[in-house]
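In order of appearance the chains are A, B and C, and numbering begins at 1 in each one.
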Amino acid sequence: MTTTASIRTRTGPAGNIPPAPALELIELRAAYGRIEVLHGVNLTVPTGTVVALLGPNGAGKTTTLNVIGGALEPRSGCVHVAGVHVNGASPDGLARAGVCRIPEGRGIFPNLTVAENLRMCTYSAALSVAEIEEQSFARFPRLGERRGQLAGTMSGGEQQMLAMARALVSRPGLLLLDEISMGLAPLIVSELYSLVGAMAQDGVTVLLTEQFAEMAMEICDFAAVMIHGRIMHVGQPQDVAGYMSEAYLGGVE
Amino acid sequence: MRAEGNPQGGVVLAVAEVSVSFGGIRALHQVSLEARAGGVTGLIGPNGAGKTTLFNVITGLEKPTQGRVGLGGTDLSGMPPHRRARLGMARTFQRLEVFGSLSVRDNILTGAEFHRSWSRHADDPGSVTEEILDRIGLRAVADLRVDAIPTGMARLVELGRALATRPRLLLLDEPGSGLDENESEELGRLLVDLGEAGMAVLLVEHDVDLVMRISERVFVLDFGRIIASGSSSEVQANPDVRAAYLGTQPADVDDPSGPGGGGA
Amino acid sequence: MSEFLTYTIIGLVTGCIYALTASGLVVTYMTTGILNFGHGAVSMVAAFAYWQLTVEWHVPVLVALVLVVLIGAPVFGALLERLLMRPLQGKPVELQVVVTVGLLIFLLGLANLAWSPAASATRTLPRFFSGHSLKLASVFVDYHSIVVVAVAVAVAVGLRFFFSVSRTGVAMRAVVDNPDLAAMVGARPYRIAQFSWALGAALAALGGVLLAPLQGALNIDLLTLTVILAIVPAVIGRLRSLPLTVAGGLVIGLAVTYAVGYLPPNSFVAKAQTAIPMVILFLALVLLRQERLRSGRVSGMTLARAPSLARSLQAGVLFIAASVLVSELLSGVNLATATRGVVLGIAFLSLVLLTGYAGQVSLGQMTFVGTGAYAMAHLGHHGSLVGALAAMAVSGVLGAVVAVFAVRLRGLYLALSTLAFAYAMDYIFFDQHFGPYGSGLAVDRLHVPGLDTTSDKGFFVLGAVIFAVASIGLLALRRGRYGRRLAALNDSPQACATLGVNIAYTKLAVFSASAALAGLAGALYGGQQHLVTSADFQTFNSLVLLLLVLMGGKNLVSGALATAVLYALFPVLQQHVPSLSNVQYVLVGLGALTLGRYPDGLGGHMTRLRELIADRTGGQTASLTLEGDRLVGADG
């Protein structure tokens, strides 16, 4: 396999190579059926950083995260997690290996109670059920009040909190967040972002997507702009903000 | 952009003292609000405040334990959802309820045809559909199946479908979530236009900038109660609202924070 | 008093077996979302295998138990998951139903091959600890009954503990809720599903082994049917509550036993008492409403594009011309089977409308065919048109009546309510009104001016014409706004309601129209057969009907035709290759089993072939590219 060979040469020779980045995407292409959505994505997320993947509706951000998380096979290109080639790894294998993905929309089990949802976190978290509940309820008291409620009957925002609780307790190596602010009250969004910031401080590497850049810009180290399945620009948040407003106003091809 | 001086139209939607509980949880407690023709009314509040529940009560999907809902003077109590719709209300759903197996165009067309099937004053569904496709900018994706388009766009499809029934009252549950900045700006413009054309729009949205920019009046719901209502600036300045919802930094408000704004 | 006690004990023991097998159903349903109609067949095969081991091969009882219940059945269950059920998860209800019905038929076929029913009377299983019994008050209870009760209690307690306490128990329910997310949190969804199928099969086997000795001589059909009744307590438990399921099992067991014991013999009620569980099922469905919550959005079903009116007219004319030709070429038996093919084709079309277009599943369509035949028999003397109209009217009204009760239900629950209705009709109506002792009902052939329908040729052409007209009508409907309305209703009833659609009325209308079409098919079917018996319209045939429609492609008129032709051809083939008749079940079952992988059926294959050809010939038919799709604001 050419792909595996190429990793060998990357990581193989001894010398003073810096540690592999937490995540590296190389010429990644992916498609739904016949429709190609990612047309060669290159992106590096250094360990311990927060990278925001920004871009308009339909750009392919969710698709990118799906590929990284193992839910969608790429057509070509590679995904390296901490230097390891993981194309073709199963989503559950990746999850147990420390890649935590919070999907777009509601990442919850609607017919399980809040407590049972949290229980499911024990598959990837190293904590006990009691510790998981304790930490989650401390962060999101509302969840504690609704411990026995079916998750599917909770409000949209409460469900999002529950989904985020998993990110919190599973202490992943790589955290993939897809539009966590969607449908959340501003107060909660800023809380969630400070949570993400705090997790990053603890050494978690984060790749997050957003359409509204503002909040994300405050906590991210780098931002990448994706348009039509390609990364068009990567840089410090300030540069990217400039690029974005230009791109949006000018209408990028 | 808010049409500050516009004289507001008559009350289209009147919600009077509505309460709802689920088992032990009180989702709504004596909520009263109104939406007038000719403008956007905002409804904001923290997650779980009861906004979606209120929409369900208004559209007849949920029965209130107490209280009444009126549309243009007609009491809707006990009326099933489809009869309410026929009186001129349409809504979108926070959790998408699109017709996934149909194309974008057919989703809107179906809305228009439904309208035609119960209204004598409906226009030709085909032309209504084409007009709406242009109006909300979905022409480029008109022939794609809705279950294959991104969430944000699917929300616009729901909006288009609702508009196709030519409602007097339009209830929007977070139409902006999943849209990018450009699109949500565009959405704001569209809603203002709809208001100017005489429609009553009740907008639930967490994009506070958008709500504040285009709403004539804003109601704030917290733990199932209305805690404030008034113009955007009044509401934004209200300390209760800040504490419950907006957070400490007021979003783009430059008036000194004072205890202005009406409590409920 | 002691009589009462005896009945009560028998009832409780039967109830325990229901509870046991129903728990197996609930376990697999809860964790995979699939209700296994083949559950009863698994029990049956297990009982036979156990008999084979202990009685024929003299394997010690304990060893045989371990081999059957703890090894054979779980391995079989795990294989089922791997081969059949995995691709079925999240698929439409009708597909899940039909594939498991396919499993049922397949296993029945296998069992008939392996254990010829001719020798059935010689096969008996001894009860456990036979000869020993215990005196309880004034009655003797044998040890077998005590074993049954003890096992049922142990299993119920064990399962309850397992699901509420163990993580795997929680994960099993999580997997069905959102399998993608289950993988995302790090659970192994397939392994969990596999485990639950293994557990379900083991419970089925256990039920079978305990039940068989109580039924006297081993009987393939009886064993299977008894266990199928486990659906009733499972539904009473709303397919997720094990305690309620157990309670339901006991209620059914007692109700059936008391009915046998106390109802006056020879009355209508006594004849109809077999329908009791199904009546309870129907009530349970209508009274206990339950909707699963879902996250995110459902994806719509795939719909092939309907051909234009011009094309369907062309095809219709061609079809009629071809059928005239065929009628000249075929004769005798072959023509008769061909006629049965087109006539049943019309019944297929009624399901294309109901299930394919509107997404409502009917597991009792044959009932409406039967009431149509009944109306034709009584009102269609000398082929009067009144009979055909009455057939449509009677079935149509009956369809509406069912719909009145069932409109609130969706998906599987709706399907089960039609099943319950059909079963009840079997016993209450068909068994009693189709001539004394089921001798049959004579039906005249529909007469139309200008066509000699008393001749087999003429009647065949009449059937073909009606099939063509109904097809063209359905396609026109599907292209138009009613087609969209039905698709919309299927995708989101809630949205439809808030757009001003009276969903109850719409569902009622489509149910009624579909039933009327089935009724017409029934009138013709009766004419074709001259004499119809209740066996023609048994519920089981309804399941096969749905199965055949899905094999053709549920929303394709062409698929209905394809299966109709196959159906008609099969007996012809069988004539030439007699050994086929034995494997017929196995073949039909196998056909249905492939549906899990190829859900669009034959019609789907044809469409794909067409697309492939179009692709090859350079057409850029469907290769869309999303490049440059700008959204809102592109024009601003």
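We adopt the following convention: a contact is a pair of C-beta atoms (placed from the backbone, for glycine too) under 8 Å apart; a residue touches a chain by one contact, two chains touch by 3 or more.
Note that the coordinates shown come from a computational prediction; the quantities given were computed from them, not determined experimentally.
Asker: If every chain is a node and each touching pair gets an edge, what shape is that graph: line, ring, star, complete or other?
Answerer: Topology of the interface graph: complete, with all chain pairs in contact.
Asker: Counting C-beta pairs in contact, which comes out ahead: A-B or B-C?
Answerer: Higher C-beta contact count between the two pairs: B-C.
Asker: Report the inter-chain centroid distance for subunit B and subunit C in whole angstrom, where each centroid is the mean of the CA atoms.
Answerer: It comes to 43 Å between the two C-alpha centres.
Asker: In whole angstrom, how far does the Cα centroid of subunit A sit from the Cα centroid of subunit B?
Answerer: Roughly 31 Å separates the two chain centres.
Asker: Can you pull out the residues of subunit B that are in contact with at least two other chains?
Answerer: 95, 152-153, 179, 182-183
Asker: Residues of subunit A touching 2+ other chains?
Answerer: 56-58, 105-106, 153
Asker: Which subunit C residues touch at least two other chains?
Answerer: Only 295-296, 624, 629-631, 634 qualify.
Asker: In the complex, go through subunit C and note every residue touching subunit A.
Answerer: Within the complex, subunit C contacts subunit A at residues 167, 170-171, 173-174, 177-178, 180-189, 292-296, 622-631, 634.
Asker: Note which residues of subunit C are touching subunit B in the complex, please.
Answerer: 295-303, 481, 484-485, 487-488, 490-492, 494-503, 624, 629-636
Asker: Report the residues of subunit B in contact with subunit C in the complex, numbered from low to high.
Answerer: 59-61, 80-82, 84-86, 89-91, 93, 95-102, 106-107, 109-111, 113-115, 117-118, 125, 136-138, 140-141, 144-147, 152-154, 156, 158, 161-162, 165, 179, 182-183, 185-187
Asker: Would you tell me which residues of subunit B are touching subunit A in their complex?
Answerer: 22, 25, 44-50, 52, 94-95, 148-153, 174, 177-183, 206-208, 244-247, 251
Asker: Okay, in this complex, where on subunit A does subunit C touch?
Answerer: 34-37, 56-58, 69-71, 90-92, 95-96, 100-101, 103, 105-112, 116-117, 119-124, 150, 152-153, 159, 166, 170, 228, 251, 253
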